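Okay, so subunit A shows up in both of these, paired with subunit B first and subunit C after.
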Partner chain A sequence: MKKKIIIACHECDLLHRIESLPEGSTALCRRCHAVLLSHKKDSLNRSLALNITALILFFISNAYPLIEIKTEGICRATTLMGGVRNLYDQGFWEIALLVLFTAILFPGFEILSRLYLLLPLKFYKKPWHMSLIIKFIQKIKPWGMMDVFMLGILVSVIKLVKMVSVIPGPSLYSFFALIFVVTGAASAMDFHSIWEKA
Partner chain B sequence: MNEQSITPPDTSIPEPLIRKKNHFSMIWILPLIAAVIGGWLVYKSIWEKGPVISIIFDNAEGLEAGKTKIKYKNVVIGQVESIKLDADLGHVIVMAQMDKDTESYLTEKTRFWVVRARLKAGQISGLGTLFAGAYIAVDPVHNGMPSSTFKGLDTPPVVTMNKPGGHFILKAERLGSLDIGSPVFYRQIQVGQVEGYLMDDDGKHLSIKIFIDAPHHRYIKKNTRFWNASGLDVSINANGLTIDTQSMVSLIIGGIAFDNLMDSRNNPVAENNDIFTLFDSHGDAMKKDIMKKYQWLLVFKGSVRGLTKGAPVEFRGIHVGEVLDIDTVFKLNSGEILISVLIETQLHQFLPDNTTFDDAKMKKLFNTLVAKGFRAQLKPGNILTGQLFVNLDFHPREPEQKIIWEGKTPQLPTIPATLEEAFAVFNKLLNRMGKIPFEEMAHDLRMVVKNLNRTVKQGDIVLKQINRTVTPELGLTLKQVQTTLKQAKKSLAAVEHLVGSDSALNQDARNALNELAAAAQSMRMLTDYLERHPDALIYGKGDKK
Partner chain C sequence: MISCHNCHLVCHISPLNNPSAMACPRCGSRIHRRKPNSISRTWALVITALILYIPANVLPISISTTMGNSHEDTIISGVIYFIESGSWPIGLIIFTASIFVPVLKILVLIYLLISVQKKSSRRPLDKTRLYRMVEAVGRWSMVDIFVITIIAALIKLGVLVDFKTGPAAVYFGAVVVVTIFAAMSFDPRLIWDNIKEYHE
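Up next, the complex of A and B:
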């Protein structure tokens, strides 16, 4: 970090001159102690690894049955997409769309966009339309609601257990892991350093 | 670089080698783990997927793509993926994803059928499918050519391939009320089922396939007899009314029963797919075994009313054969119409088991038998129904006859039926009665009556004489007796007067007794008083104090 940059505090607009920030340290505003910058340790590797993990888990989550319900010989297994389709077939198309976007499409796009940024950087290249992608990621991030969806599933499974036997599929576990990995990937992402590297 | 600026530049001091840090971050383990798990799952799903098979059914009732399972012994081994119609709309093609390692038993002999709730052959099956939906069951067969296209069965097979037991084939002329799944009984226990039946190529016989469960299949010997135990077996024949049934189940849905002959214990056990005859009834089945039947022609002059095809041929009550056919024969030279009866006998069953005899020996044997009076005769078997049977027996007093060996079947000499015989005897009796000299007898009778008349007249005279001589004396005697009786009466009246209830003697006697009683009473009073007052003897009664 040899470059001298001038950065304004997000909270109080006080200008700071940052000469260099060692790895793993955070720059705070002199006046209001708001976080100006944090130079995350090994940001590129970490976020790349976590995003690749997230991608794999994302595929598992969508390819395998989420839960299997069994009662009196009737056996039903469903995948994430299958659930969306069932909702649509039963006429709840609004909810189906909501689930489709918040639990599948947005998280998927987010992971893919991050990889789009990170992979070229790892090999010292600048990805195209970098600023556009970064903006896109910032836009869709609030809409990824896998954790909310997961909570919904957990609640309904616990309620169903009394009536039917519920067998969790591989997708359920990978979905659970995916929530943590995505959160970790998001926090490991250091847009500042990306910006700098590019 | 900072140090460079501090220390003065000195070219003599070399720069250090800079080894780039091997930048492997621990964070890369995470995607590695995910990749391993993902890879394992992918491997599992690809490699644990068995073959995709297609099963052709007539209809897809109860089947659902993505839901219907393929089960063997209630273990899921596959799932229906798609159901579609074939090109000419005649059948339904069910594509199913089988599990891994199912290839080994998906051979050309493997059978598939849909399990639904069924009511058949007296039993209900597949009730569970009412709730859980139908499923496809499989009967795996290991040995055979591997296959991936199968023809689904319409009905569940009665017997699965690997069930222990034995398959046998029964030849029958008619099916009766048998059906697939009809029970097979041994000593009235159900030991097997009818697997199926088909018409033989000649169109004259049926082949009925049966399956006997282990361990009962070893009771089936080479000469085991099977018979149709369908429904109620009611037969009226010379033996009377026979009603036979195996069980209430067979009464309703039919069935087959089998049993062994008494002497078959040492018989070899039957092998798989051995062929047997299915008899119509227990009686037919258990008739003594015959290696060869001999046919005889019997010619009767009299009526054969009451003789039917299948009527028994007996030798002194032992069943030895039956009537095959009844026909008429017109004799040109004598102008007679005779009745010929074709019978089938197993007479040689009376011979020891190991006797082997050729036709010449047989001829000789029967010739000697007939010479000794061996004859066939019609006899009423059942008085109520008038059924006849053919009885074979020795009649040594009959006129000598011989077997006519010429012709297609040898002709055994006969004697008339017992009824005809009776008529003949009656006729003879009548003839003999005709010879009785009735006129002479009447004349004699008249003479006798005349004599009798004379005798009666003489008796009359005798009676008159008796009247004349005996009667006056008898009257005198009677008079004397009368006077005697009168005197006796008088004497009795005198006695009565003497001892009567109002006679004087009687009165006096009563008074005397009364007096005696009064005396006894006063005596008792005296003794009482003396007991209480003994001094009265000395002082007298004295005054009262």
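Up next, the complex of A and C:
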């Protein structure tokens, strides 16, 4: 980042002039210490790799059962979607929708739209409707709650262990890995350099 | 000069233009100096959350049946049950996520709203930090909803045990969503608007 840029802090609106920001460093607001810009190292390649990994893990996590329980001689397993279906069948469609969007759809959309931006940029092309997609990513970001869902799984396992025997399903492991990959994928994104490139 | 909310480009605006109908030259978003009607919107959402918080705590959040005995649990009675039965770590997680965080969020937002309306210029940095904390912590309230989703899907129609979602879950889910919207609609830059000058 060699160009001089002017940026306003998005939390307190103080104007800053940034002369140059070396790779791997972050500029903070002088007044309220919010992050102004961070120039990430090899952002494009790293975020592309992490997002592709995230997409694969996302499919595995949703395709296989999360937890299996054994009680009264019968086994019962549930996938993420199965939990949503069950809430819907019980008549709680509001919560079913809330869980569907926060735990499955928004995280999925977020990964897909990041890939939509990154893939063309990798080949030096500007993605179609780029600003619309960036706006969409920033709108849905607070609503993706996979990390919270992971804590939910842990709490329910501890609760269930007292009543029945619990067997972790295959997607539990991939879900656990997904949390870390998705966090990395989100923090590797550098929207400022995307705007500069396009 | 106005900074764009979406792409953070600083746009030069001449006073001749009508600032309410302006678009960012880079990303095309509507731009405005502060989030529109931030204070009244946040107030409305905070009050809504407060009202919804009552049924969320009074009504049962889960109905479990063990050996023919039906047992209804509210959020608070669930927490007390876990602490008494010895699994206090879960009790603590549920207490923090379902009671402490929503209440803290609502109180902090009310405090910030009042202090902005009184044009207070005290400790703006601490207030900004408080706002950042509220914004970051809100989503974790969803834990209880997710726990109910998983457990209700696994334990059903059993002869000995049955677990059903209670009506409070809808209200509690609404509290979480409304408080997240409330935190989003508050503009932290309003905290700094009352500080006249800044000296290094």
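The criterion applied here is as follows: the second predicted complex is superposed on the first by the 174 of 198 C-alpha atoms of A that agree within 3 Å, B and C clash if a C-alpha of one lies under 4 Å from a C-alpha of the other, contacts with A are read in each partner's own complex, and residues count from 1 in each chain.
By our rule, a contact is a pair of C-beta atoms (placed from the backbone, for glycine too) under 8 Å apart; a residue touches a chain by one contact, two chains touch by 3 or more.
Here the structure is a predicted model, which is why all the values come from computation and not from measurement.
When both complexes are superposed on subunit A, subunit B and subunit C fit side by side without a clash.
Of the two partner chains placed around the shared chain by superposition, subunit B is the only one that A:170 touches, whereas subunit C remains out of contact. Annotation for subunit A, partner touching more residues between subunit B and subunit C: C. In the superposition on chain A, A:59 makes contact with subunit B only, while subunit C stays out of contact range.
Looking at the shared chain after the overlay, A:6 reaches subunit C, while subunit B stays out of its contact range. Legend: residue contacts after superposition of the two complexes on their common chain; A:49 is shown touching subunit B, with no touch to subunit C. Touch criterion met: A:181 reaches subunit B, while subunit C stays clear of it.
Minimum Cα separation between subunit B and subunit C in the superposed model: 8 Å.
Annotation: subunit A residues 72, 76 touch subunit B in one complex and subunit C in the other.
Interface residues of subunit C, counted against subunit A in their complex, comprise 1, 3, 5-10, 26-29, 87, 89-90, 93-94, 124-125, 128, 132, 135, 139-140, 142-156, 158-161, 164-165, 169-170, 173-174, 177, 180, 184, 188-189, 191-193, 198, 200.
Per the touch definition, subunit A reaches subunit C in the complex via residues 6-8, 10-15, 30-34, 66-67, 69, 71-72, 76-78, 82-87, 90, 92, 94-95, 98-99, 102-103, 131, 134-135, 138, 142-143, 145, 148-149, 151-153, 155-156, 158-160, 162-164, 191-192, 195. Across the complex, subunit B is touched by residues 42, 45-46, 49-50, 52-53, 56-57, 59-60, 63-64, 72-76, 170, 174, 177, 181 of subunit A. Of all residues in subunit B, only 23, 25, 27-28, 30-31, 33-35, 37-38, 41, 45, 67, 69, 128, 131-133 touch subunit A in the complex they form.
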